[in-house]
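Here come two complexes built around chain A, the first alongside chain B, the second alongside chain C.
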Partner chain A sequence: MALPIEPTAVQTLAALTPDLIKASQVGTKAIAASIAISTTAASTALAEYAIGTAAVGATAEKPEVFGSVLILTVIPETIVIFGLVVALLLII
Partner chain B sequence: MALVSAPGSYIYVCTRLRVRRSSLLPREELLRMLNMELSEIIRFIGETGYKKEIGELSTLCAGTDLDLIEMALSWNMAKEFHKILEIVPEGLHGFASAYLRRWDFQNVINILRGKAQGMKAGKIKEVLIPAGDLDREFLDRLLTEDSVEKVVAALSGVRFSHIIEGIFAAGITDASLMTLENELIKNYYEDLAIVAGSGVKGGEIFLDWLRMEIDFKNIQNLFRLREYKEKGDILSLMIPKGGIPVADLVRLNGIEARGEFIDALKKKAGFEPLQAALEDLRKERPIHEIEIALTRVLLHQMSFMSKMHPFSIYPILSYLEEKKYEVANLRTIARGKKVNIPTEEIKRYLVI
Partner chain C sequence: MLKTKAMTHLLITGLKERMEETIRELYLQHAFHIREYVEGKDVEYEGFVLGKPLPRAGSISEELVRLRGVLSLLGIHPPEASVKERPKTGDIAGRMERDLPSLEEEVEGLVSRKRDLLEPRVRQLEEEIAVLTPFAAAPLDLDMYRGYSSLAVFAGKISHDVNIPVPHEKFFTSAVEGHFIAVFVRTGDRGEVEGILQEARFQPLTIPEGSGYPKERLGACRVDLDRVKKEMEETDHRLGEIRSQHEAFLLACEEILSTQAEQFEAPLRFATSEGTFVAEGWVPTERVKALREGVARTAGGKVYIAEIEMGHETRDVPVDYENPPFARPTELITDLHSRPRYSEVDPTLPVAIIFPIFFGIILGDVGYGAVLLAAALALPKILASKEAARLSAVLRNCSISSIIFGLLFSEFFGFEFPWHPILFSRHLVIGGEAGEGPNIVGLLVFAVWIAIAQITLGRVLNAVNQSRGHHGMKGILGQVGWIVTMFGILSMIWSLFPIPYMPNLTALPPVIMGLSLSALAGVVMIIAGIVFIGMESSLELIELPTIISNSMSYARLAAVGLSSVVIAIVINYIAISKLIEPNLETLTFMGIVLILIGIAVLVVGHLLNTALGLIGGGLQSLRLQYVEFFTKFYKGGGKKYRPFGMEKRFSED
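Entry: the complex of A and B
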């Protein structure tokens, strides 16, 4: 009795339609987007931790610097915004 | 990475002290004060960080303008130092409080000297800085004692009482007071070395500062010994545990020619600013100018180290030292003005 013929890799790829390829990329893009947002968010957190602590110290001594240090504290937010933009570009 | 790895409390306290440091009186203000009368100086410092003390004491202090300034400076410095102990993080608290213990022996020496010279308690009190373990109430109790012997008896039980009792066992004289001061300084630095070597995080950095300060003290001592042509027991006058071994310092003291002495000292001096300062001291200068020149280098180096180690004990020590010299400068100006010393002469005694 003849054995059933296994499809080769080339035959399997040839069988994939463009829709199927697109569908398989969605998961990969989601992973990439999550890496982009999580690494930038962690970096922002670390930067804001250090700047925020120093800002509280400076404000405790000179309350009039509150406005300036507040701006300095939120500057690292730009990092996470970059991450968000990259993530959105990947997903959309 | 140092920024990220430093604990939040270090960042917080070091930033606070940097801000405080920026509020110290700048050089230009001190120079401006040289042209003021005592009453104007009181008004001027009453508008700066000394406002609270000047306000309180102007109603309490019955003495002269100079007495008012001296008291206000002492109170302010003690208050500042205590405040720092309250805000420093756990890890640095031990170092900071050990450092502030220098005021304990300084206060005790001042009381003993004052009592030995028959000074009034109020006058001695003006120069006391209750910033160490011995608080104001304890120092006030010591001041009420009417003889040196009674002060020594009242000191039993304090950290360094065994040294005082040992030295005064043979009698209380001017020489024994000098010996006591030397021994207390040595004991203070030994204690600091123990604290630094106790395995607490940051101890190595603290030890570096300690070695540097001991070296500066020893070098100042060497210049003093040369000035007064002292050839006695040099070994006992030097503070051990510095970067330059005591045996080397004794050898340096044996060099007669000033040029050779400076050359040999420069070889031992570890860093460039000190070498440059020593080069400036090659020609004969009054001892107070030498001491001030060396103190300036020490402060400059501490400031440099506090930038190298932004979240360590250095910014704290740097602020404490600069505050100490700000108060010393204000005292010098006030005292100089009181006895009508010319402005240029007072300026030579300022660490600016």
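Entry: the complex of A and C
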């Protein structure tokens, strides 16, 4: 019975396998990095959306609270920075 | 240094007959921050009542209201106005009595004539013209349209001429817009004719009042309208003339009256008894002497000033900044958060130094820095306010720092200077070019070093605060605890992992339980630190993870900076490598169009990136100050120092 693939092809494939594994590792890392940055960015956006809405409302009522609500609004930004650091550590 | 201006708490007591002179002197000195007296609030003021305004306050207020009305009629807004020359108060006083009433009368007269007479007349004439215009096309007297008993009259607009099968008299013209038709029929035929006209989309018009030929009346109306409009123009011209001639005078009058009104109403903020008054407030300590002398001179010894000792409770004390000139504009940033309390460390000076540096680290690019520098220098020319001047000074410092870091990062609109980056490289490799790429690890570690430095500074400043307050040693030890814990964690990390640009302690031999000497020292430091923190307040222990999260947060210095560089490089790549360069070799028509598009992409792209860099660099470094730095030591919530008196802008004493 004939093999589905030519023997020479099997050899070539075997030789290629370490490269393929390496390449797929790089790819997986890139995907992992993208998940790290995108999920944290989305979470930051979600958190800042809620805080920002309230902050604008509060500032409209009482302009002097601008400084404190600005701080509250930017607090979740740290989340995306964490994501970024993880992503950079993954791909460097 | 790092302190707000020293204040002295004063109690001014005197005979009521000397109150007016005292108020005038306090107003002139512009240093006394009045503590408003509230009836029945303080026990020591028993028997005192709130003062009454000085006798002339009412008439001054009335004059002021009238003058402000006139200013608004002339379109002059004192907060935005600026004058070239400031008249002397003494010169104005005479002119104010002589000229102001007649000037006010003239303006009010002109405006009321325009508003009540001319404007309604224009509207009326325009309406009449609109009604008469269609009828003017027909050569019929207006009387002929009405007053019949056996005739029905139709007059109005119609889509086209119609044939009327009954006996009639008709006039049709297409000379006016929408064609005009006038039909006279017997009353009995009204229904039939109405049907025919309806089919041609007839729209009846109201027949104008009065008699005479519409054309003649229309002519008369137009002449009248021109006349009234001209009169309105003359009125506006005259108002403009008054404005340009008397603006400085009117503004000076407004200022003088405002100062008088404020002075005359000042007793409303004092406590008074039958024969005396008491004013409580604060004065910068350096000005107490001048104030005492001034009051003694004007009040002739009938007013007594006492200094009240300040205790630990300094919440009510108004706060004025005292910073070196270069840091003064940064008070804007501190005020945006909140003003320091009286006994607290004023963070303006450290922020004045650190904020521009952070901005520079994020937007380190000579090109963008130069653009922002130009904007900063142009800002005061567009906006004349004090805030704009401060903002421009802050922006100027930031853009200079950007230029310096741009030289260090070797960046010019995303391009590299001929030299290699002196600091870490931020140049990314895109489009298959060769190059070593950015030193991301270096940038991140650099950011963490900055974090360690600024957080330590924040804790040290908190310790300074504690030493000034009444918490004493315990509070200081708590802050030392935070610093020791942070360095303990660092020592542990350095002993376990080799990190570039940081001390490498992994090679030290293990001493006990597989831990090296440095790791052991780290453990001891962490435990000691936690004990110190717990001694100050055990609640603070839940904040321990912030040591890591706050330090990581400084990674934004690297991250936001890199994103700005990426955008710049991508703009250059699209515009120059893809659109401009390939088309420069052989010039074709399409090629030239693409080159022009490339130039547009380059200019618009870099302008957008400058704006993004300003927002990114500004907001991110502001956030690091407010969230990571201020939370370590700064409470804020102090009262703004508002001395009694006013800075004169439109007149001189």
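Everything that follows uses one rule, which is that the second predicted complex is superposed on the first by the 71 of 92 C-alpha atoms of A that agree within 3 Å, B and C clash if a C-alpha of one lies under 4 Å from a C-alpha of the other, contacts with A are read in each partner's own complex, and residues count from 1 in each chain.
Please note the rule applied: a residue touches a chain if its C-beta (ideal position, glycine included) is under 8 Å from a C-beta of that chain, and two chains touch if they have at least 3 such contacts.
Fair warning: this is a prediction, and the values are worked out from it, not measured in the lab.
Note on chain A: of its two partners chain C and chain B, the one contacting more of its residues is C.
Look at A:70: by the touch rule set out above, it reaches chain C but stays clear of chain B.
Within the superposed three-chain model, A:88 lies in touch with chain C and out of touch with chain B [touch as defined at top].
In the overlay built on the shared chain, the residue A:78 is in contact with chain C alone; chain B does not reach it.
No residue of chain A is contacted both by chain B in one complex and by chain C in the other. Residues of chain C touching chain A in their complex: 335-338, 440-441, 444, 549, 552-553, 555-556, 559, 619, 622-623, 626-627.
Chain A makes touch with chain C in their complex at residues 66-68, 70-71, 74-75, 77-78, 81-82, 84-85, 88, 92. Listed in rising order, the residues of chain B touching chain A in the complex are 3-4, 6, 8-9, 11-16, 19-20, 23. Put simply, chain A touches chain B in their complex at residues 46, 49-50, 53-54, 56-58, 60-62.
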